[in-house]
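After this come two complexes, each holding chain A, first together with chain B and then together with chain C.
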Partner chain A sequence: MSSVLTRRPGAAELHPVRTRRRWTVTKVTLGIAVPVLFVAVWQLIAVLEWVDPFLYPPPSRLGPGLAALWEDGRLVDATVTSVRRVILGYLLGAVAGVVIGFLMGMSRVLRAALEPFSWAWYTVPKLALLPIFLTIFGFGDTSVVVLIAVTVYFFVWISVMSAVMAVPTGYREAALMLRVNRWEMFRHVLLPAALPEIFVGLRIAAGVSVLMLVGIEFVISDQGLGFLIEQGRTLLLLEQSYVAIVLVALIGYLFALLVKLIGRLFVRWRDEDNAIIPS
Partner chain B sequence: MTRLRVLAAALGVGALLLTTACAGDDGGPGAAPAASGGGDLGPVTPVDGCGPGSYIDPANLNPDRDIARCDSGAPAAQPLAEPVTIRMTSASRSSSLAPIFVGMEFGEFEKENLKIEFTVLPFADAMPQLAAGRVDISYGGVEAGMFNAVDQGLDLKWVLGNFVEPKSADLTQPQTGLWARRDIFSDPQNPDLKELKGKTLGSTVGAASSIAYPMDKALREAGISLKDMEIKQLPSTDLMTALANKALDTAWLLDPYWLTAADSPDKYVLVGGQAPGEPLGGFFAGKSLRTDRPDVLQAFTRAYIRTINTHLAGDYIKDEKILAAMMAGTQQPREALTRTPSLTFDWEIRQGTGEEEQKVFIEHQTVKYTEVMPEDRYIDRSFYARAVGHTDS
Partner chain C sequence: MDQIDHLTAPGSTGEEKPAAPRITVRDATRSFVTAGRSAVHAMGPMDLTIGDDEFLCVVGPSGCGKSTLLKIIAGLLAPSSGEVAINVSGEHRIPIAMVFQDYGIYPWKTVRANVDLGLRLTGRPSAERREIVDDWLARLGLTEFADAYPGALSGGMRQRVSVARALAIDPEVLLMDEPFAALDAQLREVLQEELLAIWQARRRTVVFVTHSLEEALLLGDRVVVMSARPGRVIADINVPFERPRTGAVRTDALFAKLRGELRTSLQPQVTAQFDAGKDKR
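Presenting the complex of A and B:
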């Protein structure tokens, strides 16, 4: 005896535009509500003195701190310096990582030659290389930018190489049956198949580049947001540290968002979010 | 309905923020400082072995003055009724902590029924813990962070000095100080410090550390100031490298890094030393000792002073037993400790050091305030004065 399973169309099928709009509103609201709730709880905890308000200044104290940094021009200087360093370092590292990653992903010989060496370098904490870079490039921006680039390079290289190697064999064989040349194989098979994974790597690298920037600015710089955080800690001007921490978080988020949006332009065929259970 | 719920939640969170923001921030900037320390320890009485030379008028800033000393073994121990553990921090295991390490090794703290629990922690991180009572005493410098902390109401005071550099006025003697590359001067053999204007200066904490004052003082004697130089902050380990690579023109080199510069007198010249006769750091105590357990701080002070008088009054680095205690305490090899001369320990605090430091910090805006803070807000000389029986204290 056979049975028939009938599924009635849900709201998403019946009213796709309205459903999508509603989800957009919900998503934006949740995205804003969580940080707002976090700030509210932080304020409440500090004001009720469950934690020492000197050590953990409440958000209401960050406004004056922000204003003071803005008025003396240090906020703009530090932000511009940090953003410039991180973008330059990121671009250099990402371009190198994509190129080398593709070459190594496509060539067994290159992989055999470079992979062990590259993995060994990947595991070295890049901050440990700082003294060497300082000796080579001096104490200016160049050392900071190059160190960020090296860090980003390794993250991007791994994700690109892995993405290229993970392209299903069937894709390649189908293309070979159509007698594609090497360029066509790259342009029409490997690149589109690897791009989603590559952009995941690029987004992770965006966050890592900000982490590295702050780490370096802690140690050597007398400019930038990392310096403001460290200086605030040293001078016990903790509002200054907190303002800079919030700004770093904001820059990190915006940077990763920018990479995501760029990724969406290149990977239009991929669902932005396919993990939602259909309503 | 969904939108209404979201709106209601947003309004609720907003109201919470407004309510708490308006509740005020007790304990914030401008909170009143704690009362002066000393606690209820009874009247000050003369101490055997500590004569007139055991207390020097704080206003005496003469670099050639005698350094306060008692006889060996003085002041005598007055053990606490019960054993007490003191939680102490320092940014490093510096050789200037010899009175602690040697005192621990030779049982001077034990005689007072004291045990020292030593933790390495940067002074900036130690100060809030000190004020909160989670740390009892911290070793650090008279830094901008300390003044900011006191200005914001943190209860901590400078209670003991550390050391002075008697030779700091004599720049022909290689030592910790401001070193410059000779090649930056038009006449490298006769450097004119006015030419340092616009040059780079490397320092660990920049214009926020206790050495800002002696650096500024050295430059002012040449007609310029710290403001005229471009300060670069670098770890102390990288300063000499940066100087050698010509990434820096000048640098404040600490022990033992200045030894490298001193080895090449044709390349580097000492242009400024530490403030002659003035300790620029020492021990800072918070509420847990100064107010709650002044007897414990008094015992610590006695042991510290007695260790200096008994074991560290002369050229102690040549004494094998002292050297062994220092090697154990500082965790540095013999060569590192014997390359630099013995320090002249000074438990006293000069009058005006903090004021001069603040002037530099105010000029460089590394402190939040604009008027020099009076000494009684951050200095308490009563413990060391009592320990040597200075009856006028």
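Presenting the complex of A and C:
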């Protein structure tokens, strides 16, 4: 029994352009097909009356729900309020997290001083601090923004600090041999080396900021999409809740996508998707 | 050290290099303390004098402290005792350059930006930098890849970038830590001859760590053999081949003889280092 292993070009080698184009089509199709399938199954369950359609409104009833919210302008108001809060809170928290993360990643003394204290704070559910923030900043936007910022800050701080510390010694030594100072080390080595991991943290934090937003609006129940969800639940306008939930999901997705695209602008030396595994 | 005379090849020229030493290693040792364990005595005590514009090659068994010595000269690591002195003119912002076996070049910078980095850090005007970088890219056959990221290059290309970056700043001392170890044998010979030509055109002090005795004899004015850990100098030979040399010396009868002598002095050390590793288990 002898066998010959042959190595020949496959479709990807023979028709690289076509193969790549096909993959793009496949990727987009799959990305759309999965949520569409989800909605179809949801509708089917309602149509077959496996569940009570009053308690679990099917997708077909979200249209009228959406129209109602749209007509009296509440949908736009709530969305604008929520997006404003989440973006402001996120930016504040992310900037603080990046700055403090780098400072701590680059300074043993700062780490020794602040790390235990910061980790302890990280563990405190920020929602538990809401009453304190309400007392300080009053009932409204400022409290929500600050609370989102604090939450985002901790996520970003951890990912930036660990990313900076994980930069290989070899890169640092090569820079030391070029007699860099602290700033140059940061600018030419630590920042670019840590950037890919930092953007993973920033994406996670983008998701968390939306979670936080809805949580806070749910609790203080003043404005925004979280308020619409909560109001829909208490007034048994479940379509309203569902519309708002879908909108929140969409905003979260778009937000994380935006952060990812910004990351790609900054990390151009890396292949976008090179995670090769055995097929 | 008593083997020096024995190993010095006939016709070698000890009297040719009386110039002031560029680097002096005096009684230097280095120990490493690992968490929860006793200190590992990695190197020394070591004495070594490296002349100005001398090309010194250091060979020795793996783990004998060759890289430690280089890092101490570089200033990346301090000796545990003793002293290393390097004479520099004081005119360069970056007097010492190092070529690492890997990691030396940055994947987030293009080939051009990598080579330019040292010059940029010295604050030279960009037109001047461009000229120097273009020259080095051309000399190392990298012009075509100037705007590529290192990730897209082969290992040999990447190491050329690393050499170009070190030489672009025109350092007074060049340290090379097994720069060609990761390359295949053919490419290695190509880069060895490139380095030889570059160095012979513009001499400077080089400390070159390698595992390859052939490489050491081809490139070096002098070859130092280090013992098993803790690494000390056990042999120190002058390489007699005339400059400018080419790869042709590899076929010289004396080349084979010297390589044999080096191998004889190195072999027990390699075995000792290997056995020391076994005893630990």
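Methods note: the second predicted complex is superposed on the first by the 267 of 279 C-alpha atoms of A that agree within 3 Å, B and C clash if a C-alpha of one lies under 4 Å from a C-alpha of the other, contacts with A are read in each partner's own complex, and residues count from 1 in each chain.
We adopt the following convention: contacts are C-beta pairs under 8 Å (C-beta built on N, C-alpha and C of every residue); 3 or more make two chains touch, one makes a residue touch a chain.
Note that the structure is a prediction, hence the values are computed from the model and not measured.
Steric overlap between chain B and chain C is absent once the structures are superposed on chain A; the two fit side by side. Looking at the shared chain after the overlay, A:Leu134 reaches chain B, while chain C stays out of its contact range.
By the document's definition of touching, of the two partners only chain B reaches A:Gln43; chain C does not.
Shared-chain residue A:Arg22: touches chain B; no touch with chain C.
In the superposition on chain A, A:Leu14 makes contact with neither chain B nor chain C. Contacts of A:Val34 after superposition on the shared chain: neither chain B nor chain C is touched. Of the two partner chains placed around the shared chain by superposition, chain C is the only one that A:Pro192 touches, whereas chain B remains out of contact. Of the two partner chains, chain B is the only one that A:Leu237 touches; chain C does not reach it.
A simple residue count on chain A separates chain B from chain C, and the partner touching more is B. Look at A:Met177: by the touch rule set out above, it reaches chain C but stays clear of chain B.
Judged by the touch definition given at the top, the superposed model places A:Ile220 against chain B, while chain C stays out of reach. When the two structures are aligned on their common chain, the gap between the nearest CA atoms of chain B and chain C comes to 32 Å. In the superposition on chain A, no chain A position is in contact with chain B in one complex as well as with chain C in the other.
Within the complex, the chain A residues that touch chain B are 22, 25-26, 29, 33, 36-37, 39-40, 43-44, 46-47, 49, 52-55, 57-61, 72, 131, 134-135, 138-139, 219-222, 227, 231, 233-237.
On chain C, the positions that touch chain A within their shared complex are 71, 74-76, 93-94, 96-98, 100, 102-109, 117-118, 121, 149, 151, 169, 175. Interface residues of chain A facing chain C in the complex, by the touch rule stated above, are 168, 170-171, 173-174, 176-180, 184, 188-189, 192-193, 195, 267-271.
Of all residues in chain B, those touching chain A in their complex are 2-3, 6, 9-10, 13, 16-17, 20-21, 23-28, 122, 124-125, 127-128, 131-132, 143-146, 148-149, 152-154, 205-206, 208, 231-235, 238, 241-242, 245, 247-248, 365-368.
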